[in-house]
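Both complexes shown next keep subunit A, but they swap its partner, so subunit B is in the first and subunit C is in the second.
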Partner chain A sequence: MTAPLAFDVIVLGAGPAGATCAATAAEAGRRVAVIDEQPRAGGQVWRAPMGGFPGKGDADQAAGDALRQRLAASPATGLLGHRVWSVVRTESGYRVDTLGPDGPTALEAPSLVVATGAHERVVPFPGWTTPGVIGLAAATVLLKSHGVVPGRRLVVAGCGPLLAVVAAGLVKAGAEVAAIVDIAPRSAWLSRLPAILGQPRLATRGLSWAFAVAKAGVPTLSGHGVRRVEGGEAISRVVIGPVDADGAPVEGPEQVIEADSLIVGHGLTTASEVTRLLRAEHRFDRLRGGWIPVVDGAFQTSLPGLHAIGDGAGIRGQAMASLAGEALGWHLAGRTAEAAATRARMAAATPFSDAMAGLMAQRPAQVRAIAPETVVCRCEDVTRAEIDAAVDAGATQIDQLKHFTRCGMGPCQGRSCADTVQELMAARLGTSREAVGQWTGRPPLRPVPLGEVIGAFSYVDIPIPTPAPL
Partner chain B sequence: MSARHDLVVVGGGIHGCTVALMAARGGLNVALVERGALCREASGVNAGTLTMQMTRVALIPYALRAHAMWADAPNWLGHDVGVVVCDGLSLAFTEREEELLSYRAGKRREAGAPIELIGANAAREVEPGLGEGVRLAGHCKVDGYANAYLTGLAFHRALIDAGVTLMEHRAATGIDRDEGGFAVQTAQGPVRGKRLVIAGGVWIEPMMAWLGVPLPIKVLVNQLAVTERQRPVMRTVIGIASGLLSLKQYPHGTTVIGGGWQGVGDRERGGVALMPDRLIGNVRLACHAIPALKEARLARAWAGLEAETADALPAVGPIPGIPDAYVCGSVHSGYTSGPYLARLLADLILEREPALPLFPIDRLLPPQSGRAAS
Partner chain C sequence: MTARRLHAAPERVAVTIDGAPAMLPAGESLATALLCEGHVLLRRSPRDGTPRGAFCFMGACQECAILVDGVVRQACLTPVTAGMAIALRGAP
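Moving on to the complex of A and B:
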């Protein structure tokens, strides 16, 4: 194994936060490496077109192209198409291990920036694992990177601004959108209007999505949620019904919508695996997407040299992520005046980002209304009833629940279900999310093939430690 | 004033749980105090291997009896821990490993382990998943594995069935001797017992210090890894001559890779981090032994603590100078042998003659100490 490559700063994630941070710090003279598992920078919001697809030519693509060009022109070293599987503290900083197109790579730096974004939250309902049900964020990947419409007649459901984004994208691509089903009542949007209007550029874009959807005659059912999906092997019908402001079903007529695809998402949860793995201090912030690393004014966590920015440090959206990336880039280059100026711009953007985060936050009542027979951990097929039974049998901590049920022990290692499972446990125990805690963070950060982890080797060179005493 | 139990056990790992279970079944009123949940440290996060080929020679007679206990777990424990009894192979790929294997297998065989040395072709008949380059293999028919993470749930149910007063999430902060025996101090109040068993794994050292007994316990930080599910690629428990590999595929398709490669951690923080180079080394050994593992993806790796005395032999027996106080722990390959050693200690406490000798700790204490404050 060769010595790790040395940098001043390693940035994990090349979305708006990470790529901006990497470019800013590198342009100011720092030796920076930026790593992303995707082959091109941009993150999810500015995801690049791939595989010959020219892209949609919209504002997101233009912004993404501008960031990609800036990063490529900067002196930062880009390790794109690299999957980070291990991050550890060393005596002098942090070591990152990746698997890339050319095999394993190790890097070291005194400063590590975690800009790993968010995971999509889907609160389970009967039939949510049926083929044809896909996430809202997943749909944006198909639309932005590949121009693929995942169905012929689609229902777009859930909550938050992605509903309109995806529905407008589908309409533009020529798909038939049967309905938009929004958990939030109209009043939830209206009450946020002042904050939304505070960001005219973003408000205009939101209006253009809403206009595109309205022009296509797509009905929007506010204050409604998906009751269940019917069809067995593939979707044939989506059954919806009224919900209260917290997303819990209430009495009222159900409606059956014929569809071959349901695109559904209930907001975003922080992808905080790296800070959790390193055991930085976290706090629970429901508005900001769940467990988030505690950071100071320079985005530094409780561990020296470990910084967290973007949605992975609390859901705030792209505008705030880009600003945080720039501010931290200046910080890391020792340019405190520029950093402070950028931070001041973040304050102005806060009301808008809070308004959007509020629409995308977990609704506990919706989680607590999950039916007993519904699968919650889809990797290991663990139902709500099995989770409740484990709690009743004495599992009081989230790590213990794994041993009782295998919940969270599958390929996703709880990335998909943690936020829901922890809420269910807190509900059953009648305690707080803080008391239930988080699953212990462990490597690998993503599943990696053993055949790639081992690289090329000869048996006699394996540094086998001294045998135990006989 | 809380009620006084016949026996208070401090530590809810496999040793503490077994002592508590056997003592309760023997008629004692038993309380078990555990700072977390049962078997969530070494007893729940180890590789689950039940093997003679990684067991210390002096422990072979105990391990054989313990293996029989595991195989019979549904009867004495009453709850499933996923025990599978199968063949085990210890492999030698180099001349040096061949010598090591011949010597070590010979010693274990003298101690009673049914290990045969076999060639590459015979080894492949036992384990068709083997890779190339095997020069010699130790073959033991008394081998197998359990699903370690099920241990806590199984003991939880068994202890409640047996009437043990289970005090989970209750950390001992000190132990005082009083007129009737012992008072284990906790934030929720003292737990009093006529007799005391200290079974705190790597935390035995600070617990013994509360009693004024200086018993050094080393802390090993063992790295482990598990793959995602894949097709059946092996049917035995695999190790190598040096002992630095343990490998088995569970019926549901995941494979656990262990062997005692050291990670980062300590008594205060637990298993904090895994060293990537050592994880890679461990996985290289695994893929060298069973090449089809290369197709699998690594799902999770973790690090758990293991306790070891100065001579790497158990600390199981009375605490010198302190009547009615006992210690139980630091058993090398403790998951395999633990239940039997703990049962022997329960026999001693119940005033039955243990079937095999215990491992008293007098040998581990400085000459002038350890007879403290009697």
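Moving on to the complex of A and C:
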């Protein structure tokens, strides 16, 4: 076996936060490796076009191209298309194991930057596992990166900025959007307008999305949510109904919409698997997307040399992620004046970031209204009723629930359901999210074929401990 | 679900889907290529056997884990290459 590759800094995630941090630190002289699961840098927000799609040529693509060019021109080593499956603390820092297109790679560095971004939250409803139901974030991948409209007649539902982005993107692509179903009453956007207008460039973009949708004459149902999806092997109908401002269903007429695609999402939750795996201290922050690592003024977690930035350290959006990446990059290069100046720019962007995060946050009432027969854990087909029954049978902490039901034990390792399940448990127990806790992080971080992880080795390389004396 | 490309698909290469010959655009994400060919149903859930298709398209949810050349792969993270033997697990 070869020794791990040595760096000063390893960055996990090549989105706006991670790629900016890697480029900044590398340009300032640090030896940096940056790793991402995707084949090109940019993260989800600035995802690169692939598979022959030239891209939409919009502002996001231009920003992503600029970041990709900067990273490529920097001395940072990029391990793209590499899945990180193990991260451990060592005597001198951190060791990261990846599986890339050419096999396994091991890296070591005294500093580790976790910039792993966010996962989409989809609050379950009956039928949400039906083929043809996809996330809002999934639709942005298809539209921005693959150049694909995922259906013939589509319903776009949920809440938050992504809802508007996807709806406008589909309309601009000439798709037939049967309806836009928004949980938020119209007033929710208006009440946040002052903060949004503090960022004129982004506010203008939001208005242009709304305008594109209005011009196409797409019916928009504010204060409505998806009740259920019908169809066996694939979606055929979406049933919607009125909801209150918190997303919980209220009395009112249901509407049935024929569709072959439902695109639905309810905000973002932090991807904190790596800091959780390393047992860094976390705190629950509903506005910021759930459990987030506790960090100091230099983005350092409770563990020395372990830093967390971007949406994975609390949902703040791309602008804040890029700034945090730059600030930490300067900090890791010992350039404290530049780091402080960049942090000051973050403070100015905070009101807008808070307003957007509020639109992305979990609505507890919506989760608590999930019907008993609804599958909550997709991997293991665990329903709301089974979760409640486990709590009634004595599960008081989230790991106990896993032992009782297998909820969160499947291949996604709770990425899709954790935020929902924890809220359901807290509701049933009448306790706090802190008391319920979060699942203990375990390797592997991603499912990987064992044979490929082992790689090529010789039996003589296997260390054999000295036998104990008889 | 009939997905539609907004661009001319790249050159297609020969693959097999559950043993049947098929042509998919080289370099496209396998999950997307299957969606555009009308393969919405990719597998069935292991416990209840309910139908599943790609869901997150970004490597998180594992719903698009199918067999490619005998190994479980997330279709959304796997580019199409010539000669791939694709097995949709349990789908008709």
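By our rule, the second predicted complex is superposed on the first by the 457 of 470 C-alpha atoms of A that agree within 3 Å, B and C clash if a C-alpha of one lies under 4 Å from a C-alpha of the other, contacts with A are read in each partner's own complex, and residues count from 1 in each chain.
Keep in mind that, in the parts below, a contact is a pair of C-beta atoms (placed from the backbone, for glycine too) under 8 Å apart; a residue touches a chain by one contact, two chains touch by 3 or more.
Everything numeric here is computed off the predicted structure, so don't read it as measured data.
Peer 1: Let me test your reading of the model: by the given contact rule, A:468 touches which partner, first (subunit B), second (subunit C), both or neither?
Peer 2: So A:468 only meets subunit B here.
Peer 1: Which partner does A:449 contact after superposing on A: first (subunit B), second (subunit C), both, neither?
Peer 2: Both partners, subunit B and subunit C.
Peer 1: Figure out whether A:235 sits in contact with subunit B (first) or subunit C (second), or with both, or with neither.
Peer 2: A:235 contacts subunit C only, not subunit B.
Peer 1: Once chain A of both complexes is superposed, is A:106 in touch with subunit B (first), subunit C (second), both, or neither?
Peer 2: first
Peer 1: Which holds for A:410: it touches subunit B only (first), subunit C only (second), both, or neither?
Peer 2: both
Peer 1: Which of the two partners, first being subunit B and second being subunit C, lies in contact with A:261: first, second, both, or neither?
Peer 2: A:261 sits against subunit C, while subunit B stays out of touch.
Peer 1: Where on subunit A do subunit B and subunit C both make contact?
Peer 2: After superposing on chain A, subunit A residues 410-411, 447, 449 contact both subunit B and subunit C.
Peer 1: Which residues of subunit A touch subunit C in the complex?
Peer 2: Per the stated touch rule, the residues are 37-39, 44, 50-54, 83, 119-120, 129-135, 137-138, 141-142, 146-152, 173, 175, 232-235, 260-261, 271, 375, 378-381, 410-412, 415-416, 446-447, 449.
Peer 1: Per the contact definition, I'd like the list of subunit A residues that touch subunit B in the complex.
Peer 2: 1, 85-86, 88-89, 95, 97, 104, 106, 279, 393-397, 399-400, 402-404, 409-411, 413, 440, 442-444, 447-451, 453-455, 457, 459-460, 462-465, 467-470
Peer 1: Please output the residues of subunit B touching subunit A within their complex, sorted ascending.
Peer 2: 36-37, 40, 44, 54, 56-57, 93-94, 100, 104, 107, 133, 149-150, 152-153, 156-157, 168-169, 227-228, 240-244, 260-262, 264, 272-277, 279-281, 283-288, 293-302, 312, 332
Peer 1: Subunit A touches which residues of subunit C in the complex?
Peer 2: For this pair, the touching residues of subunit C are 1-10, 25, 27-29, 32-33, 35-36, 40-42, 45-48, 50-63, 65, 71-72, 77, 79-80, 92.
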